[in-house]
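Everything on this sheet refers to the single structure shown next.
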């Protein structure tokens, strides 16, 4: 579904992503883990078009989308839950969700999807008239995920969805991600909580200072001593 | 502009004499600035066409036109620019606020300046020997229109409004003084600004006080809306204006409401003095003169005439001639008093009649002559001999 | 690494550069006078505006407070000078007494403006400062009634020139066989003041206070959490900026000999702000470049548009003032479009932009 | 009492004019936090185009006056929309991510250019706006109100209602608001941000055109510098109401209009003529400052829940 | 010796939302005190009230033996409480070093005249600020990044920089709002070492965190908020097994 090759992204002079290759097959759950500043966010931004790659190709369903503007990629089925959530602070919770469905033309079905989001996150239903900016951190994260779901994505990119969430909520959100995947949505998950990520995904890539250094199925990665030391915090 | 390559020499030795003109050419009153400039330009063109000889040389006059942007701090800079370019004299500036700081710079260089539109008395009260004006001072014009109002309309209560500029306020003050002396009550002053378009609030307040006449010191661009709105509010009394709003544009701006207002202009009306100016101006610039162009036109001719008299274009040499000149211009006879102000500046009172301002009366030295009589007298004298029509009367109703 | 960094690492080069620049600055008025004394006057006015721009830079560039009424302080300084050294009240105090009084008065006005506006952010602050500027101007314009203080729109004339003992800055004078015209003398005086102001600015920027300004500009809540008294530090910025404006205003009144409210209108505030932004907000050298540029470009256009048209087309196609204004407007746009952080941005802005 | 009523009518009319111009500011500001300082100039262009069209029609046809004014307005709208679009493309688009004050300078530059172009096209002179609408005066309780005044007040209320509908009830509106808060994320939602911003500029410019016609017909004058002061006052009105907020622009405009009218009408009497109508703007600004000091984001401005 | 911070019956409402109701707690000197609870429980609000960003609707704080009459946030910093922010609030366009130098503001004195005249005292103080900032950068492990702009640092580094900046104010109480958010397990472990070191150097820490492994391993005592109320308080072991806490916050997973 997604084939990335030779992707290179830089900020001014700094190369943040230095020519990486990876693929995500339809229906798969893939995680991308790596230390702070490894370039994970940068990679996701390049996939959604928020950053223009210096070189390399991004093929989505066989089509090179590097030149496709951000807003059209949504219509193609790519959605991102951005790092830092990116809530519209002065839109209400409900309007935020509706923005998620902006690229869709079916308002009735969108309404149903909104109810689904509320069912998933009752806290959001309680706060539906409150503006996004006044939500607590965790509430915002729920909103961001809910909003991304509203576009009925086929490829969902998540950038650290567990950040700032209470343990109970983390479990809930990971369960939700799994449920979303079960509906056939392809998932690329960037996560600092490597243990959790590796537990729910099928394959994983490890990124280090702009390069992909490891790639395997999750069982192998979980067993890899290097991964355990660097990302799972285990003293071996 | 910089020195230009000299034109190909004619048979007689040629001399180039530069005359500067400065006025705002951009901004809110750019149209008046351009009008002033056109006046000066026309005069220079005429002089060149006439082929004037000075000191045995054929003179080609050249005009340097500058935009002073109405900004006081541009005044000295432009003055210096003219001085650097070795101008023989300057016509300008338009605004008193710019003329005053510029005048001291001209004075230091000994270059004469003649303004055709700075009416603030202060300009000539500085004691500078090089400053002249062809236009009346606020304290001449104000009394004229005020005494006309007082004698013709016999108001008991007059409202005065001004645009809070040096010109508008100055004129308003003079009108107020004269009216008060004449025993007319004056309402507390109301003010707008030179950009005010909405006068309704002020007019409503005035309406509540039921004055018998309204005077406004300001330019036509603000006076037009003021008049229009006054009539809309149902104020039926006479509106009077100074020269700033004594234009035909008032008809365009105020529509039917313009009918019947009175206003004053310094000098005698161009159609009386010099209809040729009107036609030439129109022919040359394809537009009607707006306001002060006859005064800058005269100012320019004055400089040239003084040079001819002195047979020199050296400022130091012709300045004394300028000071004691007597000249029949488009705006009547021009002589300067010791301050550089125009002596016995005639004032003409106009009224808007079916879309045109028509002269009603000429006022000199406090006496008012009906326009028809004045024209008759002038025709009889076969020249606009104003001095005859109204012998210099020292008892002017000026400030107490 | 840019030139200034290189110079810093080489003291000998630095000093020779300083000496070179100093000589150039001393010789400048005479060079300019060859092209016309008007250029000296233009330069003097440009220096005045540079002073203003540097003052405003403290408020806008350092502390990040948008001020659209800055010219009011210039006005306060100018009127203070005019009232204390003119026939208006028949006071003729010497300038070294008046300038500090002017600076102090402006400073008080700065605090007066600052105090109620501290809670406001961004454009709300801009509007309040704009209003303040207008209020001050309206008072200048109307305080001729009921008691005549400012002489209203008529302005105050015959203001004393600056003089030290018998040495007046007005009029020409021959010293050591060289003819110093009035504008040239003022040039040197202005240059001295400018240098002092630059030094003060440089020191302020690189100080505890300067860092605090920068911090509140970046994030006021975080700055407060770090123990910065944001109220005080903002007021300090307003006060400092205003004082510079006051000094510049005093000098203006003395040089000009006549002031009226027309010199302190909103457009002038906007102009000074443009100088700051166009040059490079927050960077002292950038601000100076901006001020000089916006002072000189219109004058250069004034001197070139007319002859250029004549030499190109043989006559005037479009009136020179129209072309001048058009070009000026376009220049503002283009300079900003191609150097959005200003012509010579501060380090911070440069870095900010590199990332985009 | 008729004087007071009259002052209210005066204030409301003036306020309506401010409000329509302020709506244009608020729209644009709302979406890209940019003071479109050239907006006043767009109003001026609107007035000028209408001046030309109305003048020509009045002289050369026998259409009924109201129709002529309508056609004039309809002609001014596309002209202003084009100018608004051009401003966005040439003056602002490149500066979307630039330091905040950069577009302020391009806006000033653009104003100068627009003014000069208008001066070249329509001359330096103040132009008498063709006064073809019979200025019927109605009397209520001793106060007067003209047909044009009624039309101005009604139009501005309608425009605000229409805009409110667009912004809060349509897809375009939500997209506008979303883009205003976080353009990047709005893009991620499928919003073509450039298009939305351009649309906002054009909408604002269309309002400016209407405002231009209003001002022209009401005051009977058009001049190439007429936009600056009007724009400034309207911007103050927008801020007073809470910039970015449509009802705020309306309220701010009305309030400013009323304050100016009542200020001019009553300061003199209240202060025993120590201060007069010359302090009307001081009074207006003091009210503005007082409001902002008490409510730092304007009367109806959204308090951005600044969370720490 | 009395407790370092004592909060009594703190109340805060936002419109209809009771963000804090009658929250009381005592934080002893040189301990690490954890504040946990579900999202939206009011933890950050407690910080905001404590540091003067918001005004409490009721209740009182006693800090270091005296009543904390918070008038403005900067006074809180001066009193000895420094904080970090949940959504990182660095001075984004200043370098890392400058960020920390700003932290020294509250403990230094040079004023406007000092800055202009630049006397010996001012220069010495400036040097000291510089010196201390370098030491602190080194302390949090950012010695090499001193010249980098704050916003270009990776997330984890930004968090550490915030801590260094807070430490520069020489606080008695360091209040950290989710410092480990966005860090992976290994980085969190490093952070833990840093926090322990800070505590051992005598600074009390109030810690909001959702990383249970960190909280349980690090804190001496923990309070749990839910819907603005304190539902539990005590040693990690006790809190972790509290039924109400499990129900509201921890869920099935135990770290």
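By letter and in written order, the chains are A, B, C, D and E; residue numbering begins at 1 in each of them.
The definition used in the following text is that contacts are C-beta pairs under 8 Å (C-beta built on N, C-alpha and C of every residue); 3 or more make two chains touch, one makes a residue touch a chain.
What you see is a predicted model; the values in this text were computed from it and never measured.
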Shared chain contacts [subunit B and subunit D, defined touch]: C
Distance-maximising chain from subunit C - centres being C-alpha averages: A
Label of the chain whose CA centroid is most distant from the centroid of subunit D: E
Interchain centroid distance [CA atoms averaged], subunit A/subunit D, Å: 43
Cα-centroid distance, subunit A relative to subunit B, in whole angstrom: 76
Separation of mean Cα positions, subunit C and subunit B [Å, integer]: 35
Residues of subunit E touching at least two other chains: 44, 51, 53, 85, 87, 89, 152
Residue list for subunit B, restricted to those that touch at least two other chains: 26, 164, 189, 191
Subunit D residues counted as touching two or more neighbouring chains: 116, 119, 278, 281, 307-308
In the complex with subunit B, residue positions of subunit C that touch it: 36-38, 40-42, 45, 141-142, 145, 152-155, 157-158, 171, 182-183, 252, 256-260, 262-263, 299, 302-303, 306-307, 310, 319-322, 324-325
For the subunit D and subunit A complex, residues of the former touching the latter: 171, 174-175, 177-178, 181-182, 184-193, 302, 304-305, 307
Subunit B-facing residues of subunit D, complex: 3, 6-7, 10-11, 13-14, 116, 119, 123-128, 131, 135, 137, 144, 146, 215, 219-221, 223, 225-226, 229, 260-266, 268, 273, 276-278, 280-281
Complex contacts: residues of subunit E adjacent to subunit C: 51-53, 72-74, 76-78, 82-83, 85, 89-94, 98, 101-108, 110-112, 114-116, 118, 122, 125-126, 129, 149, 151-152, 165-166, 168-169
Residues of subunit C defined as touching subunit D within the complex: 60, 66, 116-117, 119-124, 126-128, 130-132, 134-135, 138-139, 141-142, 145-146, 221, 225, 266, 270, 273-274, 277-278, 281, 318, 322, 325-326, 328-337, 340-342, 349, 352-353, 356
